[in-house]
Every structure is written in structure tokens, then in C-alpha cells.
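Below: the structure, in C-alpha cells.
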Amino acid sequence: MRIDQKASGVFAIAPTPFASNGDIDFDSIDRLVDFYAKVGCTGITALGILGEAPKLDADETLAVARRFIRRSPIPVVIGVSAPGLASIRSLTRRVMDEGAAGVMIAPPSALRTDEQIVSYFASTTEAIGPEVPWVLQDYPLTLTVVMTVSVISRIITANPSCVMVKHEDWPGLEKISALRKLQREGTMRPVSILCGNGGMFLDFEMERGADGAMTGYAFPDMLVDFVRLSALGERGAAHDLFDAHLPLLRYEHQQGVGLAVRKYLLRRRGIIRDDAMRVPFTKMSPAAADEVEYLLSRVARHDTRASF
Amino acid sequence: MRIDQKASGVFAIAPTPFASNGDIDFDSIDRLVDFYAKVGCTGITALGILGEAPKLDADETLAVARRFIRRSPIPVVIGVSAPGLASIRSLTRRVMDEGAAGVMIAPPSALRTDEQIVSYFASTTEAIGPEVPWVLQDYPLTLTVVMTVSVISRIITANPSCVMVKHEDWPGLEKISALRKLQREGTMRPVSILCGNGGMFLDFEMERGADGAMTGYAFPDMLVDFVRLSALGERGAAHDLFDAHLPLLRYEHQQGVGLAVRKYLLRRRGIIRDDAMRVPFTKMSPAAADEVEYLLSRVARHDTRASF
Amino acid sequence: MRIDQKASGVFAIAPTPFASNGDIDFDSIDRLVDFYAKVGCTGITALGILGEAPKLDADETLAVARRFIRRSPIPVVIGVSAPGLASIRSLTRRVMDEGAAGVMIAPPSALRTDEQIVSYFASTTEAIGPEVPWVLQDYPLTLTVVMTVSVISRIITANPSCVMVKHEDWPGLEKISALRKLQREGTMRPVSILCGNGGMFLDFEMERGADGAMTGYAFPDMLVDFVRLSALGERGAAHDLFDAHLPLLRYEHQQGVGLAVRKYLLRRRGIIRDDAMRVPFTKMSPAAADEVEYLLSRVARHDTRASF
Amino acid sequence: MRIDQKASGVFAIAPTPFASNGDIDFDSIDRLVDFYAKVGCTGITALGILGEAPKLDADETLAVARRFIRRSPIPVVIGVSAPGLASIRSLTRRVMDEGAAGVMIAPPSALRTDEQIVSYFASTTEAIGPEVPWVLQDYPLTLTVVMTVSVISRIITANPSCVMVKHEDWPGLEKISALRKLQREGTMRPVSILCGNGGMFLDFEMERGADGAMTGYAFPDMLVDFVRLSALGERGAAHDLFDAHLPLLRYEHQQGVGLAVRKYLLRRRGIIRDDAMRVPFTKMSPAAADEVEYLLSRVARHDTRASF
């Protein structure tokens, strides 16, 4: 069960659940997996940037990845970004042995020139081996590495095992159009494009040719419905659903406090037991909790899943 | 007519209108000013980051500032950020002589430590003179300078002529609460807080204690209504209005292409004649224009101002 | 008297001399020019990064440029880097009318991708006009823009009026070799390469194929001798001279305080009247002055120009 | 054998030696340790930035640390900087159990404000435990985190287990003077200051009050002599020795290629068997090798250790 360039739908970015004492909460991992699968997600991505991956040591990382993979009936992609190739290789081998569907790699923030970026991903492909399917994470806002369409195309062409782009350039609508144009012209081989960025532009990203979402919004069930409606061409219904969630989705998308909001919502929905994070983290204030509850109540007028 | 710490309402961030040949379109400046005043804006900010200020030479800068100031019945703040103090001083003197209500200053991106930031604004106050009211622009996403609540408080305390914070930290709700708390406790003197960031969090920023908005969304008339409703405590009505615009407001808020969207909308509304920009600029694609029209049609279901 | 791709020797980066009250000291400009010309410099660069250019307003900038140009019997290049094209165009036109030999342009620090950089310099060439010879400043340490050999070559090829590279990548020896190789192979047309970076690697930069120096070390007379010896192939004598100055040259090369050291030395040599700088500046401490005097005394054992 | 605030002399920054096939060369670790101890180094720092630490996976990291620690008769400090606290804690515990003398921690590059920096080191101290002595690495050029004297003083005061500053701010002479002044005034408790930055300013850093060097220059024996001469007040002899090495030391200090130069020299001196690096690395060109040999021959005229 490995990802390939035909992947579509919703890959949920999973948080790593902790108990209030900081221990990993493995039971909540099980519940997360079961929930994602039940609501129609087509994949799960664990240990991404919002999965608090750097807050785990090497043994914990492996244990978390293993739990997600073993429990999941749908493909699991593991984030393996690290400062050095040895760690990337070592973690990739272990999670692929466990049954991961692929790995996701982000460019280190020191990369600047086109050549440095292209050459970096040649090295990572060599390090993990050419048979491991991987996802290119394009997230300049946080990573500070800017990849042009031409650079992404060069990476995809040079590395047949790169089967997916996690698109979270911002703004990025034209980038999707440009990548799809290269594909249609035969300049670039087909690749799956799943959109991150908290889903903030998913309404139009789908219309520009994306295959779906890879993001962690606490209502992946809404994302599943939205992607389905959008793929069916039900434009009005799709936007109505999206717009009903946008005020909350935007609130969750805040840098820093966003993860706290996401965990708060997943706890409120009964999926994870605790919304604890490991240090360093940004905590929600009581005022923020009130705001989230108010937004929930407003979403609930349109979508009963927000009412609980 | 100078700004002070009691400023509130909506200060519109004005674009600089150009003709298609790149000339400054002074008639459109007049129409912008008339429009802002008519719909109830309480101030105008010209030559900000989205006012394409760096694309004007020194003579043009002064000519644009003068036109805004002379036409306007409401206070006009001029952005005077520049790489050096001599330019800041020189432009400030000229626009204040013309009748500007104050100036806005952003920290240069090389600043890193608290001491560097505090010391920079001591220098700018000295350069422009202690009698010129000025607005502190707190915009880390673009400027890369991070100012803590404690640093902002030190700047306000040390510079009595700093009367306003243009708040566009992101996320920034807690920052507003923290600044207001310092004020209530008497640790920091009162200051006006107007919110930028395209208005993306204005709904809750008002509830946290902001005095209004300073942003350039192409429907400042909606912002005026929203700020009024929010100040009156009409929470539901305020959020309904805000949420109706959020999909479009978010679209306009994109980095890069956002200015093109804004000018497109102001042209469509008949306020500026042309949506031309000076190089370098990011252009809207035909697909983007279609998306904006679609969003307009959706906003128009709730707000007739979007129907034209 | 315009620069072209055959420029060689030493272009002195001139500081802008101020009186202790902050006024521009025009008499010291004259003395600087006379000194540079007398000791054999082949050009002067005014209003560069270490020329405190951002601390001048528009009128002062023009007055300083004019004084350098009118006094100088050797070519004068003017730094015209600015946040926007309008300012670059406007200043370029004025200084070329005054008789400047060319202008120097640095990439703005927001540029990231190869395409952005190449496209920026297409815009600047168009803005200043294709007949104005210009110098490409390659200074990633301070500007944060990294230009590969391939990008520099594309810029040179696309812009025939780009006649010189101010080379101050660090480290940069291989870059010079690579550029010269492209030239020999006929892939890139010939271009003058003058080295900055305070002269820290000038000993080997000359051996790699540079045409000379463009830097502001307070002993340009030493640089002139060194470039001559190196061009003559007097390797031992060249390195002996260079190494005798290296401890002091390194001291002057410090970021921040370096300009104070440079002005201190030029004042001590009787060339500028005052070593004042405009705010913001980093001042030399008494301990630093003692260190500079000690280094001078050590240089003086090998080079009598350091004894005064 | 743990480090404390009285540490002085030369702590050699050790490279990690690899065989040409990329394997760790443990025998060369032994030879490095023996060499450092024999020539009078007072400590060794392994797995620093120039120790290629990120290129090792978790098991290799521990194996390298263990080999250094077990072989060494002098204190060994281990670099434990990592993206997250869990990895820092986990590695610290293991190396301290093996007998390390302390650990070195650098601030992650995302830190900006004074509060963020101070708070980060409170977290690291808590993570590693208050009994583990640690070294604060102050290296803004590479890490992009700028720590003022006041921030360093707050960190030292708040964390009694912070016993040493690895000083590599650049320029940094005034910082040493300022820290020593705080100490003399009783505002800050005593702390060891060892200087990095390739040794580029060690001549004056010692005179400003540093306790020695922590750097990887391939002639640590010269550094040992220099520190001794400087501590004895033999100013002329100390500077003569330093200046004789400065052209080579500067050459080794280049970003990127510097590590290749360092390994080349250590191989040429017979201390490590191979000068291989793991990818990604910057290789020395044949021209660079010739330049290093030329510099060696020039140093050898003054210091026979450079003749072999």
C-alpha cells in the first residue's frame, strides 16, 4: 500500500496526542486513525510540522510512526525531514519496513538557489533509495525556501520516486495551474497535488486542478465532503460548505496558536483525550477558547458536525 | 487635524492609482479620497507598503502625498519608512508642512534584538521631531522584525508622540489583549490600536479591544459598518457581515497578487480608473479574475454593495 | 569617461565624510578624491553600502555624487541601490548627467529564486536605460541574496550594459575561476571583476583571474601596489606586502565597527578632517583605538605608509 | 571531570573523521584525541557545527561521542543542538553517562526576541537537568540569532549550570569587554569565555579578557602557544606567532570550504587518515589545494610545525 502519483482525496495531517504529563497517548492515536478512516480520508500524514515531530526523541518517533502505520487501514505517510541525510535515511528505512506508504521531505531553510534545492533532493532520493515514494513539501512561508514551478518540475523529472507535491505555497493558485499546464504539455510527468496551508484556499485550489487536501483542519469530514462536491462539479454546494467553515478554519490556521486550537477541537469532538502539547508550545487563552466556541456555534448553524 | 491616541474607526490604506502608461492618476486619487470620506472612513493612510511607495521617486512621493492631503476632509497619515533617517526626516517635514495628520514608520528588517528596535524608534522620533504624531507599524510577517508586547510598551513609553499602533502581527489577538491590560494597569499610556493584516481577524480584534481597522480591503464601507456594529455590541450582526465578506477578503489578502485584486475591485467599483501597477508587480490571471467575480457574486447575496 | 568591461586596478570605495555636527564635509571629499587619484587608483565608487548612502536625503545624495564626480580625474561609479526602480532611475539619470562613469546596483534582499534575480536586473536595466554601464554587486553576506555562477552569467548575457561584477561573495575564489572559465569557453562575454569584501582574499582573488579591487581599505595605496605586483607575477613580494597588512585589514573588515575603523584611519592619515558618522553607527571604543594604533605600529615595521 | 566556569586554554573543535567510503574512522578519532592532548589542549569539543553532526544518525552520534570521551584524558564537550528538546535531553543523558564533561547548545534559528531566547535556554536547562554543565554558543553569523550582552547575562544568571560562553559573535571584541565588566561589577557571576570564529580575532579577544579558544584551526598547537604567550603578557611574541598563521587561518575560516581545508591540513599533518566528508559538502579544488600548500610554505618560514 504505497502512495503513487494518482493519490487523491484527503490525507489528514495527524497531530501527535500527548497525555497531560507529556507522555505519548497511544490510545488517542488509535482513535485518530479510526476516525480518519471512518469519515473517508484516503490517507494520513503523521509526524509533519504540526505533528510536533521535533519534540520526540528517536525512539519515540519510531514508536509513534509504528502505531499509526499498524493501526491504519489507509496509507500512512511519515514526515522524515531532518537536518541531515543520515537521520532521514535511517528513519525512512525504519518506517518503510513498518509499512509506511511513503515519506514527506521538506527543504532545509538554508537552501537558497535553484541549484542548491534541486541538488538537495537528488541527495535525499539517493539517501532513502529510489524505491521509496516521497512527497515534496513546498511550504515557503514557514520553511523560507522558495521553489519556482521550474524547480519543482526539475525535481519531479529528476526523481521518479517523487510522486506527490504537498502544495502550501501562499499564494499558490497560479502555481497549481502552471504545474498542471506542464503536465498537459508533456513537459512534466503526472504528479499528485494535495493542498496544505490549513485549507485556506482549498475552494479554488480544487478548481485549479489539485487532487485534494493534505491538511490538519479538525473537521477532515468536512474536507472529505468538500473535495467530493468539488470533484463532482457541484460548485455552489461546495463553496457553501467551505464558506460555512472558513471563519473557524481561518482561526485554526493561525501560526503558533493554531496547533492548540486544532487539538482543542479534536478533544472537544471526542477524538483525542487530552489537548496537551509538549514544550515549547503556544497555549490558548480563555478568551481564545471562548472565540473558538463561538465560531463552533456559528458553524453548527450550517453543519451539524460542529454541534456537540 | 492631527491623529492622537483617541483615533478610532477605519483608516483606509489607499493604493496609489496609476494610468496604464505608468503615470500617476491624480484624478483617481481625488475619487478615492471622496469615496473614503463619503462612506464614513475616519482617516486615510497613503504610501504604505501596499501603496507602492518604493516605486515612486522623491518628487512623485511628495506629489502623491500632497494630493491626498489637500483633497481630504479626514486625517491623512503618510507612510515614511525608508532605509535611512535622513529620508524619513526629510519626507516627514514636507508632508507635515502640507498638512498630514501624522506619519507611519515600520522597523527596517535588519533589526533583531529588543535593544536595536527600541533604539531605532528613539532615533526616528528624534529625526522627525517630537511634535509629529506617528504610527508604529507592527508587521512581522513582511518586515521580519518581531516586537514583543514589552518592546512595544517601551517604545510607547519612551516616545510620547507615538500615538497609534498599526497592529498586524499574525496571529495577534493575544497581543491586543496584553497591550490593553498594560494600559488598564497603568503601566502603559493609552494608545490607539488599528488593525491591518487585510482585516483577516478584525472580527475578534475588535472584541479584544482594538479601536478599528487600518487596512485596504476594497470594501471599506463594509469595514465601517462592521466596526460600528462591533462597537455597539451587535455581535451576531457584526459577524454575519464579516463572514459574508471573508471569502473575498481572504482572497484579496494574498501576498503578491493581493494588490492586483484590490485594484481590480476598486476599478470594478468605479473608484479608480485603471488597475495598473508599476513594475515589479504580480498580475491577476484570467482565472483569478473569474474567481474574484465569482466571489463577488457570492458576497452580493448578502451585501448589495458587491453587486454592480 | 565611462567604465567598461576592461576596467582594472583599484576602485576605492569612498566613505562620505561628515563634520562633527553631521554636515557633509565637502572639502574632505576633495581631499579623498585627490588622494585616491594621486596614489594610483583607477576609479572611485561613492555612495556604496559603506558610504552611508541611506543616511543622506535625496538632495544630499546628489550633492555628494556631484562633488565626487566634478573633482575626480578618474572614473566615478555611484551606488544607486534603492527599494524601488523609480528612485534608481531618477538618481541614475542625474548622476550620469553629472558625468558619472557608471552606477552600481545590488539586489534587494527579498529576492530568492534564480528567476526573481534575473528578472530584477532586467527591470533595472530597463529603468536606467541600456546605455548606462553598470556594476553588479554580488554580496550575499550582507544582502542575503545568493547568485550562482549561472545566474550571474545569465544577467551578464541578458544585459550588455552590465560591464563589471563587484565580487564579494564569501568565500568566492571558485566563483572567480568559474566565471573566467565561462568566458574562456565563450559562454559568457568578458566582464571586469573587481573584488570587495574588504580585500580579505585579494591575494588569491587576483591569482584566480580578478582584474583588481573595489574596496575601501584605508590603505588604497597598498592595494594599488599589491595589484601591480600580483599582475606582474611577483608572487612572493605581493604576498609579503599583503600579509603585512592583513592583521589591520582584517580588523577594519569587521561588520559594524569597520566603518568607524576606516574613518579613523583616514583621519589619522590626514585625508578626511573628522571621523564622524551619522546615526545609526557603531563607535570605536578607546580599547579599539588602542588596538588599531598597535596594529598600525606593527604594519609600519614593513610599510612606512603606516607610520605617521 | 566536568567543565566549570574556570575552564581556560584551548578546547579543540574536533572534526568527525570519515573513511573514503563514508564510514566513521574511529582510529582517526583516537589519533585526534591523542594529538590534542599531547600538544596541550585543555579540552575537546566533538559534534559541533563543523563536526558534521547532522550527517550522523542517532546511533552513530552516540558511537562517535563515546569514542572521543573514552579515549580522552582531557574534558570532552559534546554538541547536542537539535530541533527539539526531546533529542537534546536524550543525547545529553547518554553522553553524560558516558563521561562527557558538559554539552554545548546553540539557539535554533527561529528565535527572534530577547524573551524567546531567554525562555528557550530555560527550557533546555530543564530538559537536560540542572546538574549538567553546558556551554552557550553565541554564533549569530551562522545561527542568525542575535544575543545582546544583556540577554547573555540574563541566561547566565538564570541558569547556574551554564558555565561557559562559546564566543563567536562577529565582531565581538566589545562584547567580551562588556561581559567582563558585568562580572567585575558583580552583576553577572563569573563564566568561562572561550572564543570561536576560527580564531580570526583571538589576538585581541585574549587581551579583552577571554579565557582561551574553542575553535578547530588545524594548528591547535599554535593556539596553545599563543594563548600561553598572551596570558603571560608577551604581547609582541604572541602577535608575531598569530600573524604568521593569520593568512592560513583566514583561509581555513572560509564558510563552506573551510571544513575541507581543515581536514586537508589534519590529513597532511598525519593526524587523520582521510579528509573525506559526508554529503552535502564543499570540496577543495586543485587550485585551492595549491593555495593551501603555498600558505603552508609561507607559515613554515616562521613556524616549523607547518613544514612537513
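When the chains are written out, they are named A, B, C and D in that same order, and each has its own residue count from 1.
The rule is simple: a residue touches a chain if its C-beta (ideal position, glycine included) is under 8 Å from a C-beta of that chain, and two chains touch if they have at least 3 such contacts.
Remember, predicted model here, so these are calculated numbers, not experimental data.
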Chains in simultaneous contact with subunit A and subunit B: C, D
With centres defined as the mean of C-alpha atoms, identify the chain lying farthest from subunit B. D
Just how far, in Å, is the C-alpha centre of subunit C from the one of subunit B? 39
Centre distance in Å when subunit A and subunit C are each reduced to the mean of their C-alpha atoms: 48
Computed distance of Cα centres, subunit D from subunit C, in Å: 33
Using the touch definition from the top, which residues of subunit C touch two or more other chains? none
Name the graph shape formed by the protein chains and their touching pairs; answer line, ring, star, complete or other. complete
Contacting residues of subunit C [partner subunit B, same complex]: 53-60, 82-87, 89-90, 109, 119-120, 123, 278-280
Which residues, counting only subunit B, touch subunit A once they are in their complex? 170-171, 173-174, 177, 200-201, 203-204, 207-208, 239, 242-243, 246-247, 250-251, 254-258, 285, 287-288, 291, 298
Show which residues of subunit C lie in contact with subunit A when the two form their complex. 112-116, 146-148, 150-151
